[in-house]
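Can you keep this structure in mind? I'll have questions shortly.
Chain lettering (A, B, C and D) follows the sequence in which the chains are written, and residue indices restart at 1 in each chain.
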Amino acid sequence: MKSRFKRILAATFSMIMVLGSLSGCGSSGGAETTGSGESSTAQGELTISVLSAITGPIAFVGKPAAWAAEYAAGIINEAGGINGKTIKIDMHDTKFDTAEAVSAMSQVVDDALVVVGPMDAPGGEAAGQVAFDASVTNIAAFSFPDIRAQYSPFAIAYMTDSEEGDLLAAKHWVELNPDIKSIVVFANPTDPSQMATAEMLESGLPEVGVTVKKIIEVETGVLDAGPAAVQAINADVDGYYIGIRADEAAKVVSELRTRGVDEGNRICATFAAFSPNYSDVVSEDALNGTYIWNKLDPNYDGEEWNKLVEAYKADNEGASPTVNPVPDYYNALMAIKQCFEELNITGDPAKLETEKAAIAEWFYNSPVIEGIQGEFQWVEGKKVAPVYFFQFEGKQPVAVK
Amino acid sequence: MESFIAQVINGLATGSIYALIVLGMNLLVLVRDIVHQGYAHIIMITMAAGWITLNTSGGNIAMAIAVMVVVGVLVTMATEPLFRPLCKRGAQLETIVLAMSVGIILTEFMSQFVNSGGNFAFPASMRGGGITLTFGLIRLSLANIIALISAVVVALVLLWFMHKTQQGRAIRAMAQNLRVAKMLGIPFGMTGMIGFGIAGFLAAIIAILIIMTIGTCGPSLGDTFAVKSVILMLFAGMGNLKGGLLSALFMGLIEAMALAYLPGSWTQAIFYGVIMLVIIWKPNGLFGTAK
Amino acid sequence: MSTALSYFIIFCCVFIILTWAAYVPFRAGLLYNGTVYCMAIGGYFAALASKTWHWPFWVCIIGAIVVGAILGFIPALGFSRTSGIVTAVSSMALIFIIQSVIRNIDILGAGRGISGIPKIENLVLYSLILVLIVAVFIFRLDHSRLGRAFEAVQTDPDMAATLGVNVKIISVLGLTISSALGAVAGAIYAFNMRIIYPETFGFSLLLSVMTMLFVGGRYTQWGMFISVPLLWGINKWIPSSLAIYAQIIYGVILIVILMARPEGLVTRKMVAGVGRVFVRK
Amino acid sequence: MEQMSRILKIEELSVYYGQICAIKRINMEVFEGEIVTLIGSNGAGKSTLINTIIGLQKATKGKITFMNEDITKVSTDKVIKRGISVVPEGRGMLASMTVLENLQLGAYHKKNVIEQNLEKVYERFPILYDRRLQKAGTLSGGEQQMLAISRAIMGDPKLILLDEPSLALSPAYVDKIFKILVELKKEGMTILLSEQNAKKALQYSDRGYVLDLGETVLDGKSSDLAGNPAVRSAYLGAD
């Protein structure tokens, strides 16, 4: 008798605890977003939700991206807002964690017309599902065509596809250096996008007469890139394509250079290496003469970009914006402005569904947009934009035409 | 053959760093019977302190080293009071979790406040002037040689300290039987602090050696070293100074070989799988004896 | 129900069950870091079963329990030879092993993970039901002969052995139950995320679970109901101006609790007190 | 004998473990150059009393004075530093450290006397010299007890506390140990020991206190106590 009573007690107790504590917290989250959504129309304000990895291991990319979104909102508001409404950024932290990304997306998705971010591929793909379920356009890291197809038309890539850029850059590189006939590619076996790049180079380069002799695997966080460099040199090739992220790329290039790769032009690095984690870390001698490609040009000469650089420097103790998401997040916000103005979006909750559908349609195949670094366009959710090819002169990347 | 020798030297260079980290962690096992994963993160913070000093003092290496020693010692000692209440109530398992959270805090501190979370490199002047002696594929950088020699010297000095000085003996006595050690008049708080202080000094030395051999630092550095060092320590036997040294050097070698000659995607599984089997086979560690 | 609320509840259910998976071995005095390994197994099994073989939800859950228990049983046999800190640290290696293995198996999506896991209607209700079932199960376990044997082993393994408790069997049993619970959490997680990656089941997840266990209170099964919403929703509780300190605050909370409240927020005494209030009625 | 100065004085000392009383209002004195025995069965509070003197156990009430200074609340290491040393129950070997290291740690607070005291110890126990580089755990029980006593006198203490020195030793060794204690006394050391083996202890000591359930039930000269019928029946067994 007593034990049964205890059992029932336990059951009710746990139920009460679960429901009580959960609904308490959950509703506060829910209320927050609904509140902001409603008040936005009331005060003539539009809320745009932005997700970025403000804390955690990629905060050094996430914080500049978040800054770019806030900056863009400031620029838009200075110019009178969108359709006469000021915009407000509702920033959420994804912590470079898929579950946090999904959670952040779930908090904004009910009232959102469009969501920018997450910025990392796993976070983007996971949170993209939530946005897709809610029919909300999501401008985020959808770097794989199959994922874009799965979430179409709501998955809009915030930057250009990397593999194509890699192939383009590699072709450009061997064209400039005709003596390069065989190369090795460094890639991270745990990063699907880098492995895809390596395969793309393997299949795409033979048509210009270059063979990929070996794919050398470099894991994230590798302490000593020596073994990888020795393997590469042993392969006896003319060129080294560094397809890995900045942290590891810096180590590999340093090792290659000290182990006898004397000519910088035999090395070409991917956009993922284009960061202070690469260019600040590799010594000037080692960097000199090597190639790299990127989705942004830090020295781009344009009024809008120069203004952004000045503002960034003022806010960040003189540092320049060098990470890709800065112009991409800025462009995303500007594209939203253009879209909302062309479609005359009101943000009225009553018209939410129709407006969401219209926005998705607009972005999925967008008009050509004048971005902060030249024109770009979305074609079936894929971003088509110029990429930039550089050769280092000392520590300075100089654009190659 | 040439490349094989190059890989061996690579392996020894990283192995010697692991060896010193394991040595530092083992020292903390002896004084407080804790597994201090956060120790690796303290080394990272020490490196960051050195880098900041270099930047603000205009490249004054002596000053940077002085600051690193101070920061290493102070930060390590500052973690001692955190562990003390747990040690007093004999909550050894909880100390693992506490050390992990020290790691979280230091990593996030780096992500937010040091170089905006980006990686940073140390100037060539602090890395032995970048002088390298190259024989084909064998690269013997001056820094690597200095690092290897210093690692050996530091390890020997520490072993000497632990066995031949009264303080060292006191630390070992505390590790062996805290109650008896107390009855002999060995002060619990003070000796612990001295142990942490020495570990902190060692952390500064390790930081300098990492600067010389790897030359870069970033928020992920602590995590990179932490788990592997702890597992290595267990592999050799907790608190076993000599065993830790040997197995860390050996592991450095194995890892370099694995990276060079095994398919990359399986290395991790093989590495940890073998270690786990050895630990299960010999729960007191390869060199351990039952307490 | 708003999307935010439903996701919040499901995530909390996942973490509550996962924290219980860490709680059960702790009852037998083991700090088992393999819970994340079991979660990966459960998650991947559920993803595969529902997406490729089109199994219904409950069958997936039962399947995950079985597979999780079996694959948890194997390392548990090994860990029955070790104890304390050795089990704690060496079980961390399981996380790295399972991640590496998943990345090499194409049917599990390798590095790309498995996406497009079918949507489950009523997942909120189902996960609450699962939490309830597991809660009752653990309550029964804690108050059974077996539970007392667990407690004896936790208090003093040598004494427990003299009382006729087979410490090895208890440890294997504890870890196997833990594995099954971890697998349940993994399965709900997979259905909630609809996409899973090997990276998810990594070290940071382990830290979250341990924090939730130690902050909530690891001597009773009820602490998780407080610590999980508190810590999972940490970004909601702290003002947005402190958002960049969220992870630091997380770490500090854990340290303070470990130092100042050895039993965590919810202690055995509190539970006994609450229990007495109800029983007197 | 009576002019000798008082080394240790315990007044109204009580120790509680939570609700349980381990020591109840004990009064006790030890004078310089004496051997004093604490007699009592298991759980009478002998070990608790010794632990309380050196500060390993907190005193709930009362006062402990050593050399006219209050040491009730002084931490263990400082008490030892003032000149008390302990031979713990079960000898307290640092088993995986060498004999030499054990001895060196005996003089933790007096590093300058290590060399000369080592010589004295080796002179007294040549076997310890032969085994100085051996691990302490490899010694026999009797040798370990010798080492424990030697370790205790390494730091030139004023008072030595021995907790059950005859425990688990062969009768031959027990005599040997007590003879050593008498020798030490002759050299001017003061000794307080706890014993279950009351017969031997009373034979060699000057005075004794009989503890039962944490209270002093009897005290007096050892010869008187040995003759006391109550003590004879309770602690000396049937002759």
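The criterion applied here is as follows: a contact is a pair of C-beta atoms (placed from the backbone, for glycine too) under 8 Å apart; a residue touches a chain by one contact, two chains touch by 3 or more.
For clarity, every value in this text was computed on a predicted model and none was experimentally measured.
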Looking only at C-beta pairs that count as contacts, which pair of chains has more of them, B-D or A-C? A-C
Looking at mean CA positions, which chain is nearest the middle of everything shown? B
Max Cα-centre separation from subunit B goes to chain D
Please report how many Å separate the Cα centroid of subunit A from that of subunit D, as a whole number. 73
Provide the C-alpha centroid distance between subunit B and subunit D, rounded to the nearest whole angstrom. 43
Taking the mean of the C-alpha atoms as each chain's centre, how many Å separate subunit A from subunit C? 32
Separation of the C-alpha centres, subunit C versus subunit D, in whole Å, is 52
Mind pulling the residue numbers of subunit B that touch at least two other chains? 108, 112, 223, 265, 267-268
Could you check subunit C for residues that touch two or more other chains and list them? 103, 244, 247
Expected list for subunit D, residues touching two or more other chains, is none
Please list each pair of chains that are touching. A-B, A-C, B-C, B-D
Which positions of subunit B touch subunit C when the two form their complex? 35, 82, 85-86, 89, 91-94, 96-98, 100-102, 104-105, 108-109, 112, 223, 227, 230-231, 234, 238, 265-269, 271-273, 275-277, 279-281, 283-284
Could you please specify the touching residues of subunit A with respect to subunit C in the complex? 3, 5-7, 9-11, 13-15, 17-19, 21-30, 32-34, 54-56, 59, 63, 91-93, 95, 97-99, 102-103, 106-107, 109-110, 122, 125-126, 129-130, 133-134, 144, 147, 150, 189-192, 195
Of subunit C, residues touching subunit A in the complex: 2-9, 11-13, 16, 103, 110-113, 115-116, 119, 128, 131-132, 135-136, 139-140, 143, 189, 192-195, 197-200, 204, 222, 225-226, 229, 232-233, 235-237, 240, 243-244, 246-247, 274-275, 278-279
Residue positions on subunit C within touch of subunit B in the complex are 31, 75, 78-79, 81-86, 88-90, 92-94, 96-97, 99-101, 103-104, 203, 207, 210-211, 214, 244-245, 247-248, 250-252, 254-255, 258-260, 262
Residues of subunit B touching subunit A in their complex? 3, 6-7, 10, 13-14, 17, 107-108, 111-112, 115-121, 124, 130, 132, 134, 137, 139, 141, 214-216, 218-220, 223-225, 256, 259-260, 263-265, 267-268
